[in-house]
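You will see chain A twice below: alongside chain B first, and alongside chain C after that.
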Partner chain A sequence: MNVETFKYDNRIVRAFAIATVVWGIVGMLVGLLAAVQLFFPDANLNLQFITFGRIRPLHTNAVIFAFVGNGMFMGIYYSLQRLCKARMFSDFISWFHFWGWQSIIVSAALTLPLGFTTSKEYAELEWPIKIAIAVVWVAFTVNLIGTILKRREKHMYVAIWFYLATALTVAVLHVTNSMTMPAGWFKSYSMYAGVQDALVQWWYGHNAVAFFLTTPYLGLMYYFLPKAANRPVFSYRLSIIHFWGLIFLYIWAGPHHLLYTALPDWAQSLGMVFSLMLIAPSWGGMLNGLLTLRGVWDKVRQDPVLKFMVVAVTAYGMATLEGPVMAIKTVNSLSHYTDWTIAHAHSGALGWNGFLTFSMLYFLYPRLYKTQLWSTKLANYHFWIGLLGIMFYIIPIYVAGITEGLMWKQFNKDGFLQYPNFLETIVQIVPMLRLRAIGGTLYLVGVFMMAYNLYRTAKAGEFEPDTEVQAAPLEKTVSSGAHGKLSWHRMLEGKPMIFTVLAVVAILIGGIVEIIPMYLVKENVPTIASVHPYTPLEVLGRDVYIREGCLGCHSQMIRPFRSETERYGEYSKAGEFVYDHPFLWGSERKGPDLAREGGRYPDAWHYNHMDDPRSTSPGSIMPRYPWLLTQKMEMDSLPWRLSALRRIGVPYPAGYENGPAQKDLQAQAEKIVANLKLGSVNAEPDKDIVALIAYLQRLGTDIKNAPVTTAAK
Partner chain B sequence: MEQKVICGIEGVGIYGVISILICFTFFTGTFLWVVSLKKNYLKHMEDLPLDGSEKNSTDKNQPTTL
Partner chain C sequence: MSNDPKEPLLLDHNYDGIQELDNNLPRWWVWLFYITIIYAAIYLVYFHVTRTGNLSAAEYDQEMKAGAVVKNAAMGKFESGLSTLTPSSDAMVLENGRQSYAKFCAPCHRADGGGLVGPNLTDDYWIHGSNYTDTVKVIWDGVPAKGMITWKTVLKPDEIQSVASYIYTLRGAKLATPGKLPENQTPVKTGPSQFE
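Moving on, here comes the complex of A and B:
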């Protein structure tokens, strides 16, 4: 047998490892800053660039795509080479991937604070960056598949399946959800509107969690956990079921983010049923991980790598049990829009992704540097302080979430809302928000300890840029193997292409069953005659709302419960959103719902409130927006914006943007300025605030004059 | 109102039925496949990530203890 000598590329692994640590610290620091602003709004230093609405997406993007993203690539580049017994397909592509990804992160860190955002959660980056993401992702996929094709090991270990599914599905998701009409270099409008946009967005959002935060990390778990424990995985059969069950079911469950919204009932029910079914493969996977450690629990006690892994896998189990429970409609009616969702997200992010990343880093550094970990003791301290941080983060925020949910729904014995003033419910949870920030700080301190430990490890050892290994090449023809005829499953995973096609089919089935009816629904959403496109001034106001990230705190979707209709007014109808490119339903309420805000307060109230919320609502945690009072509105790009909207179906007359629109805008702005004067406020008609007020006063008014239907469903 | 939207789609009930059927078929298939896997194949796969399996390679970079 001829044996080939070749080298594993460790440089690229180290590069991604460093990026993981650096971006992890940055992302968590930004998260901490956002968390502090929720009880101390002035922590934004009155800078628009670091105000809550703008840095919340920066935090989520940094943690998901920069921290976990780099962590994923680090683990994949290390394990893939070893599982395939081959160097990465192309060193050039590896580095193109690395630097491409880092530049995307840097551009996100620049554009999001500047207010360039699509507002779609976890897909906020504007279209030029989206294109860059697609290009870099394709490079990664080519590198992945290329390596698999030149492998020296006939069979593809289950981890590789997870990597492949990740690469393919993220590509499909990213492209589908990025369908957008540019209106300038850093501005675009989603092709989809209202209900449709919401469905596509959460199909994406849900599966971003599935295929960016879960499947790649499961692949990593199936490699690094047996490796660190030096024991084979508990059941390879179970891992196969885990894989196919997960990728097949996950896709269907997206609508559970939209329960009790204007989304059709059947889609909601589908989302709920499939979410519950997801428990099975998820728990199969968790048990598979934990049972791999049977018989080596004494090792777990000593080895920080295994310790982190145990907590990570347990957190995976907890989060995947909790998720489906939250998808049950009655539970969701309480949990949705509250901090419960935040708690759920963070048990996944801090526990599962964070701890698994840390374990990989502790595993890899000594190996890359051919030495021992500098301090096992420090790593153990990291473990405990990290765990404490998770507890201090999650427990208060659960309490906060449930408290909010209950208070919003509480009626007194006379049948009125017990807490009609939304602010009361926020003031109640502020102590919890403070505790949460302490938890986050502890977690972050742990990360700093790890960074130092890894740095000292690197200092003490000597980096090995390439690991030289030997292996026999794969025989070119598919031989019949040792047992005569090949069984078809062997063919299957022996042939990455067939596998790839099957995996894509599996994820597309769920996607199609969900998405196709949405296209049909579009034609079937009854147009409510009184719903009109936004006026030019309102369009600009809406864009201010998007730019400032108001939807980080405000929903625009009143659910059909009496507790909501009582508080906010008539519940939201699908037909009201036909011109909403993008939809702005939001997913979190740190302030009241704004779907029926129009006409609730005089213009001058909004002016003063935006200047300083505490002047009208003492104790409010809403940030001040003084810059809106002085910044000019984006008149220059108005024609671009209107024609982009027309191109995706908003019926502005042809040529409207060249003159008539500006005239209409002027007239409406003058009217608002006059109204403001009545409230003894002097404002100029060309400021952002005027546009924003126009938009806020429009919200939900379209059907206010239409005949009222009964609220209860 | 939602009811009306949905009824507007021709035969929307079929979606539920199709979904269940696809799922059932899918999982039965997966299950049968997994059960049919051979012991030595599974053993080989399980050993892939571990050092011992790299018979042909001398991965010098794997300290046995941390």
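Moving on, here comes the complex of A and C:
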């Protein structure tokens, strides 16, 4: 047999490892800053760039795409080469991927604080960066598939199935959800509007969790856990069923983020039942992880790598049971918009992704540097302080979430809301928000301990840039007759291209069935005759709302419950959002819903409230927005914005943006300035605040003029 | 362990040293999967094929109807006992009343009660009666003909009581700028309010 000699590339693994640690610390620090602002709003130092609404997306993007993203690439570049018995397809692409990804992260860290955002959660980056992401992701996919094609191992191990599904699905999700119309270099409007935009966004958002935070990490678990435990994987057939079940079912579950919203009922029901069907396939992954450890639990007690893995896999199991439970409509009616969602997300992020990443780092560093871990004791301390951090983070936030949910819905015996003032419900949970920040701090301290430990390990050892190995090349001819016993799936594992095509088909079905009818069937969005496009001033105001990240705390979606109608007004209808590019329904309420804010308060109230929320609402945790009072509105880009909106279907007349729009804008601004004067506020008509007030006063007022024309059943 | 000859389920391949067993799927896991699939089918049929179950809008209508019964009963009770009410002097109640006043009443009656579009609330000229219960009635029902809207859809009975109690304290207040002049009417003896 002729044997080839080749080298595994360790440099690229080390590069991604360092990036993982660095961005992990950055992302968590930003998260901590955001958490502190929730009980101490002045922690933004009155700087618009680090105010909650702008750094919340920075935190989520940094943790998901920078920390977990780099962690994923680190693990894949290490394991893929070894599972394929081949060096990566192209060193050039590897480094293009690395530096491309890091530049995207840096550009995110610069643009999000500046307020350049699309406002779509986990897809906030503006269009030039979106294009860069697509290019770099394609490079990664080429490198992945290229390596698989030149493999020296006949069959693809289960880890590789998950890597393939990840690469392809993320590409599909990213491209579909990024369809936007540019209106300047760092401004764009989603091509989709209202209900459709919401559906596409949460199909994306949910599956970003599925295919960025889950499937790649399951793949990594399948490599690193049996390696670290030196045990065979529990069940090959379980791998097969849970892999295909997971990728097929996951895609359908997106609408569970939109239960009891204006999304049509049939889509909500699909989201709910597919979430429930996901329990078993998700738990298949957990079982295969935990049962692999049968017989080596004594080892778990000693080895920090395994310890982190056990907690990670357990957290995965808990989060994937909790997710479907929260997708049950009855539960969701209580949990949605509360901190429960935040607790759920963090049990997944801190437990599953965080701890699995730490275990991989502790596994890899000694191997890359051909030495022992500098201090097992310190790693054990990291484990315990990290676990404590998770507990202190999620338990108070669960309590807070359930408290909020119950208080929002509580009626007194006379049929009136028990807590009609939203602020009462916030004041109640502030102590929990403080405890949460302590939990986050503990977790972060653990990460610093790890960084030091890894640094000392690297110093003590000697880095091996390439690992030289030998293996026989793959035989070209498939001896089909000799392997008569091969199952069909075993055959498939030897045919990466067919495997890939089948996986793509599996992940496309759910999206197609849910998204296409939302466009073609008119009854899904019953029209309302009195709903009109936003005026030019309101468009600029809406863009201020987007820029400041108001939807981080304020929803614009009154759900069909009596408690919400009593508090906010008539529940939101699909037809109200047909000109909303993008939709701004939000996913969390740290302030009241704003869907019917128009006309609720005088203009002057909004002015004073933005200047200092505590002057009008004592005890409020909203940050101050003094810069809105002094910054000029973006008049110059108005023509770009209006014509971009027209191109995606908002019926502004031709030529409106060159003259008439400006005139209308001035007239409306003067009116608001006159109103402000009545409230003894002197403002100039060209400031951001005037535009924002115009937008807020418009919210939800269209429907007051005419009833809904419901489509025939 | 992995080379233990007693592992009959060990498959004959290995990937970078990783081997796989071929254990059967745990029975309870398989049943869990089946049950969720069956539940999903039943759920979809129940709500979307036979349309037996109530969807959000129908559920909402029922909830609103049931709520209206409770609420209307409470409001009816308040209305029938309205003539026996007396103003509160509790500091908490008055503070709540002041806040509601600033938010809802001040735009027409001026922040200090001196009157703007609506009449002066600090003088001796009361168009619709000077008793405390008259004030409550006016807030509750409104005087639509004169532009005073009904507040029973906005404020709860106890909120109306607190704002009326607060207004009661405004009587005879010394205003920094003169209040709105009385309309064509005779003075009504209000007497010193209990807070003077």
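As a convention for this text, the second predicted complex is superposed on the first by the 693 of 713 C-alpha atoms of A that agree within 3 Å, B and C clash if a C-alpha of one lies under 4 Å from a C-alpha of the other, contacts with A are read in each partner's own complex, and residues count from 1 in each chain.
Criterion: a contact is a pair of C-beta atoms (placed from the backbone, for glycine too) under 8 Å apart; a residue touches a chain by one contact, two chains touch by 3 or more.
Keep in mind the model is a prediction, meaning the values are calculated, not measured.
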item	value
Which superposed partner A:Asp42 touches (first chain B, second chain C, both, neither)	neither
Contacts of A:Tyr157 with chain B and chain C, given as first, second, both or neither	both
First, second, both or neither for A:Pro232, with chain B first and chain C second	both
Partner chain in contact with A:Tyr223 - chain B first, chain C second, else both or neither	both
Which of chain B and chain C A:Ile241 touches, first, second, both or neither	both
Per-residue contact with chain A, leading partner among chain C and chain B	B
Contacts of A:Met272 with chain B and chain C, given as first, second, both or neither	second
Contacts of A:Ala472 with chain B and chain C, given as first, second, both or neither	first
Touched partner set for A:Thr565, first chain B, second chain C, both or neither	second
Interface residues of chain A shared between complexes with chain B and chain C	79, 82-83, 85, 153, 155, 157-158, 223, 226-227, 230-233, 236-237, 241, 245, 265-266, 270, 277
Chain A to chain C touching residues, read off their complex	79, 82-83, 85, 153, 155, 157-158, 223, 226-227, 230-239, 241, 245, 260, 265-266, 268-270, 272-274, 276-277, 279-281, 283-284, 287, 291, 295-296, 411, 413-416, 420, 560-562, 565-566, 571, 601-602
Contacting residues of chain B [partner chain A, same complex]	1-6, 8-9, 12, 15-16, 18-19, 22-23, 26-27, 30-31, 33-38, 41-51, 54, 56-66
Interfacial residue positions of chain A with respect to chain B in the complex	3, 8, 10, 79, 82-83, 85, 152-153, 155, 157-159, 222-224, 226-227, 230-233, 236-237, 240-241, 244-245, 248-249, 252, 262, 264-266, 270, 277, 303, 305, 362-363, 366-368, 370, 372-373, 376, 464, 467-472, 483, 487, 489-490, 506, 509, 513, 517, 520-521, 523-526, 573-575, 709
Residues of chain C touching chain A in the complex	1-2, 7, 10-11, 13, 15-26, 29-30, 32-33, 36-37, 39-40, 43-44, 47-48, 55-57, 59-60, 63-64, 67-74, 103, 107, 156-157
